[in-house]
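In what comes next, chain A is part of two complexes: it sits with chain B in the first one and with chain C in the second one.
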Partner chain A sequence: MKDKTTNGVILIGIIFIALISILPFVFLSILSFSQGWAWPKILPNSLSLGAWKYVFAPTSGTINAIFTSLKVAIVVTIINLVLAIPAGDALGRYKFKGKKIIEAILLMPIIIPPIIIMMGMHKTFIVFNLTESTLGVILCHIVPTLPYMIRAVTISYNQLGFKWEEQGKMLGAGKIDRFFNIVFPFLIPGIVAGSSLSIVISLSQYIITVLMGGGQVVTLPMIMFPFINGGNQGIGAAYSILFALIAVIALIAMDLLLKRYYNDRKIN
Partner chain B sequence: MLQNRKPYLLILPSLLATVFLFIGGILYGIFESIGFSPLVGEKQVTLKYYLEIFNSDDFWQAFFTTIRIASLSTIFSVILGVLIIYFLYIMKVNKKNQSAILAQRLFQVPMLFPYLVFSYIVYIIFSSTGWCSRILYGLGIIDSMDNFPIMINDRFGWGIIIAYVWKTSPFVVLMLYPVLLKVPLSLIDAAKVFGANKFTAFKEVVFPLLISPLKLSAFIVFSYSFLAFEVPYILGVTYPKTLSVYSYLTYTTGNLSERPKAMAINIASTFCVIVIGLIFYLLKKGEGNEG
Partner chain C sequence: MTKLCLEGIEKSYIKNNSSKNKSEDDFRIQIDELLINEGEFFGIVGPSGCGKTTLLKIVAGLQEINKGEVIIDGNNITKISAENRNISMVFQQPLLFPHMTVEENVTFGLKMKKIDKTERKKRAKQILESVGLNGYLYRYPSELSGGQKQRVAIARAIAYKPEVLLMDEPFSSLDPALREDMRNLILKLHSKYKMTTIFVTHDREDAFTLFDRMAIMRGGEILQIGSPKEIYENPLTKYIAGFMGYKNIFQGHINVNEFVGKNVKFKLPNQNYLKNKSIYGYIVIPSESLEVNLVEKNNQNIKKMHQIESKDYYAFLGILEEVNYNQGLLYLKIKYNSEEIFITQKNKFSEDLKIGQNILVEYMPEKIHFIEKKVRG
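On to the complex of A and B.
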């Protein structure tokens, strides 16, 4: 009897989780292929490729927007790595005066949305001619992404400590050798986690790209927006799915790339 | 000597980037909000923009709307998060580890998608012509779309709250899950030996360990939903607006003389988040002293 109730609880829980995480995407997919789906029909009258055809038509600018989005996300992630790897080392392995305050400053952008900050920076960006440029948008995207990268790399450094590097030193490995053969492989999980967040968060930015890009730097969320905000529902759904797919593909690609790099180094 | 300086040198690039882009944004915002803008030759410091917003009904409407939405989102998100953790715990004590991992992963799926997409999903499911209303009609519960409760672009902000809870509860679970991994099953078995059932064991053994990460995640969810922009921009109403939408629209659609007012709104709301953060920090510190 008792086991039965437990199994019941587990079953209800799984159904609930599936409902809230899978159902929206099933619904988006149906919507993106639907045609003539008036209230109160629960399923569409007929299916059509119209929305997808629009999304991939050369006039829609989707492909360019995808490339712009990916370009920005990748450059932002590389800059974040360059900044966060030394910072993570300091925060994860050293004790120093003012560490708590510095860490708080570095992580603060997590709780204050970037649009609030970027409205303040807008004038400065205009003065330095950074608005309406990809560079300006890249700088913008660093604000909400860098703290996550720092956090992820810090945890990895914290687990690494100094002992392995000291062993390498005793065996005669130089500084650069030690970094690439001892430290870097150890950081891979943190780098993967931090880069995933960095890419996903950068891809998701809408309003700061609009503000700083001034309509000249067109990313995927910007192309999507008019359809999501009261436009053609099928096209909005198709863009939503496309966005999700690109995020997932970018994450898988990065994961594979880093793991392959790691394996290559192991063989050497 | 060099060893002492090393961590500072390592942290310098990140710190400079954060100071220039983030702290700089706040400082410029403060300067602009008090009318001090040497770049365009304005050096007269004034508090009139703050007085203006504190004397306007629009600001206070936006303020209370935002507080209500952020608090309700946080409460629901935390409750849902703990429920999911309880459910994963039940799976774990029943030795269904594989399904627990699967369920946990599944629940993280919404984190992959931007707030923009999530607002849209909430819109197409909960609007008066959305899927929910169709299903209720199909079941004969409502007989026209007007009978469906207005949840999207409503004055209360239910649509916004749904989107935030949906999107942030996976984050809460992510923050709490490590606790479940740390609690040894033997401890729960021991609790059972002393006559505790699964629920009591959860309440007495697991829940106390959840409190600290729960507070932290509640704070992050609250501060994020307090000032984030995209969700209320899509799912909100023209009046009352949330603070972020109110300030952005003041900034972009008003004339240039309105911009310092937008900055004043931003700085006032950032100040709120920081005060709440400090309260949270002091609470945590007090806790540490007791233990």
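On to the complex of A and C.
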């Protein structure tokens, strides 16, 4: 009896959460296909493909923006990975003086709004001529994303400990062999988690991109924002849906890629 | 021929949480000399926390040392890193790489040695057959039982063809029936592949069945080295005697023809070398060297009591406290004055023994072992 009631409660909870997360998309979908839909009407006057046509028109630059966004997100994630693996190793498995302080500094960008850090970076980047360049934007996106990646990889390393590598040493595996054959497979769940956050956060950066890119590096949020912010709401809705789709596809693709790496190891 | 030699090894762990009162909490391992022969099955036994794992890790190169040298085949390998020592180790847990099949696990070491794939596959097959796991090549570790996992771990270590094979309580997580199987398997593998092996355990049965020689450790030091039989028959200290399973250990003086303890007395054959002096220490009486032949029935035993006093009849009177029948053997606990004495013997009584009965216990004085207590300076 008790089980049934708890199951019921869980079911209701799941339905509730699903509704909350699906409902906005339902509205957005209707909005993107409608013409003149305003409060208090329950349904729009008429349906139209106008918004979507605009979004995919060559003049809108949407496709380029998508590629720029993805390029930035992927490069940011790869750089994060390269930085987070040694950092996560140090933080997850070793004790050293000042570890707490370093941990706090590394997590700072999550707590302090990145815009504040960005102000300082902007000045420096002008000196190195990095503003208004994709590289500059990429470097800036590292600030809000790296802490999540480090956190995730740190936890993986912490759970891993030293025993597996000790076993590897006892079978003659040097450092590089140990990393790729033994350590990396154990890190994959953490890397998937960290990379997902890194990609999603990078994709959704707006202010940082505007500030550092100076309007020269056009990512999806940059062409989307004016429409949401008071322009054509139908187009804004279409962009929102597109953005969500791209984020989901990017996440699934990354997950598959890493899992495939893992499975290939399993088979050969 | 000596295969492995440890010389003047010293290692202490500094526990960083209590840095103030150091020397007290710190663990320190110190080994003056340990020589292990080619092809030998060498055991290390001792209580928990005595440094057995640490010692293996020192040999393996997984643990740095403060002082001393590790030598294999005459080459000093102290400075060589673990992965280049060609030493293999089986840990307490199987530690099979979960993302690799049994075959990949077993051949991992060979792959690291850059042995080609067909040769690796061949060897994996052979080795798995010798641990009784043919047909398991393509399974993943998650599809194996605990015992099978440990077999694969052993196969993996042997396939590597190490100079020295180290095993750190590899059976401790297995149930007793399985342990016996594994013991037999290990013996079979050892006689087949003849690798020099160091095996850590705190199971006495492991020690007697497996080891050519063994070292008894306590508190980071080696107390005695010898074959299990030698150590059993001639334990150097009371502690070792207890560790080897002796239960009848008494403290007292040994005189020319008797041992006098606090509550007990045993007649001994003439210890002429003592020349009227007495030495202080312990006697150890193996429980299997004692025998109950006579239990009190009516007045029967009184006759024998006269005999007790006679010069070369070795016996004492006691009261039966506990009886256990176990697989044809009798385990008896007897009260002799106020001391407890344990006896293991064949059951030759037609009637059940009764607790509280007076009994006559005969002993073999030549089986009694002395340990002189040395005053430590």
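The definition used in the following text is that the second predicted complex is superposed on the first by the 248 of 268 C-alpha atoms of A that agree within 3 Å, B and C clash if a C-alpha of one lies under 4 Å from a C-alpha of the other, contacts with A are read in each partner's own complex, and residues count from 1 in each chain.
By definition in this document, a residue touches a chain if its C-beta (ideal position, glycine included) is under 8 Å from a C-beta of that chain, and two chains touch if they have at least 3 such contacts.
Computed from a prediction, not measured in an experiment: that's the story for all the values here.
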Q: Using the touch definition from the top, say if A:P185 reaches chain B (first), chain C (second), both or neither.
A: second
Q. Of the two partner chains, chain B (first) and chain C (second), which one does A:Q167 touch, if any: first, second, both, or neither?
A. second
(Q) Is A:S21 touching anything from chain B or chain C once the two structures are fitted on A? First, second, both or neither. (A) first
Q: Have a look at where A:L70 lands relative to chain B and chain C in the superposition and call it first, second, both or neither.
A: neither
Q: Return the chain, chain B or chain C, that is in touch with more residues of chain A.
A: B
Q | First, second, both or neither for A:A84, with chain B first and chain C second | A | first
Q) Does the superposition put A:L130 against chain B (first), chain C (second), both, or neither? A) neither
Q) Just chain B (first), just chain C (second), both, or neither: which does A:N229 touch? A) first
Q) Looking at the overlay, what does A:M212 touch: chain B (first), chain C (second), both, or neither? A) neither
Q: Under the contact definition given at the top, report the residues of chain A touching chain B in one complex and chain C in the other.
A: none
Q) Quick one: in the complex, what on chain C touches chain A? A) 16, 60-62, 81-84, 86-89, 91, 93, 95, 97-101, 108-109, 112-113, 140, 156-157, 160, 166
Q: Please give the residue numbers of chain A that touch chain C in the complex, ascending.
A: 95, 163-164, 166-174, 177, 181-182, 185, 262, 265-266
Q. Considering the complex alone, what residue numbers of chain B touch chain A?
A. 4, 6-11, 13-15, 17-19, 21-30, 32, 37, 39-40, 84, 87, 90-91, 94, 96, 99, 103, 106-117, 119-121, 123-125, 129, 131, 133-135, 137-138, 145, 166, 198, 219-220, 223-224, 227-230, 233-234, 244, 247-248, 251-252, 262-263, 266, 269-270, 273, 277
Q: Over in the complex, which chain A residues touch chain B? Could you list them?
A: 6, 9-10, 13-14, 17-18, 20-22, 24-25, 27-28, 31, 39-42, 82-84, 86-87, 89-91, 94, 96, 99, 102, 105-106, 108-113, 115-121, 123-124, 127, 139-140, 142-143, 146, 150, 200, 203-204, 206-207, 211, 221, 224-225, 228-229, 233, 236-237, 240, 243-244, 247-248, 251
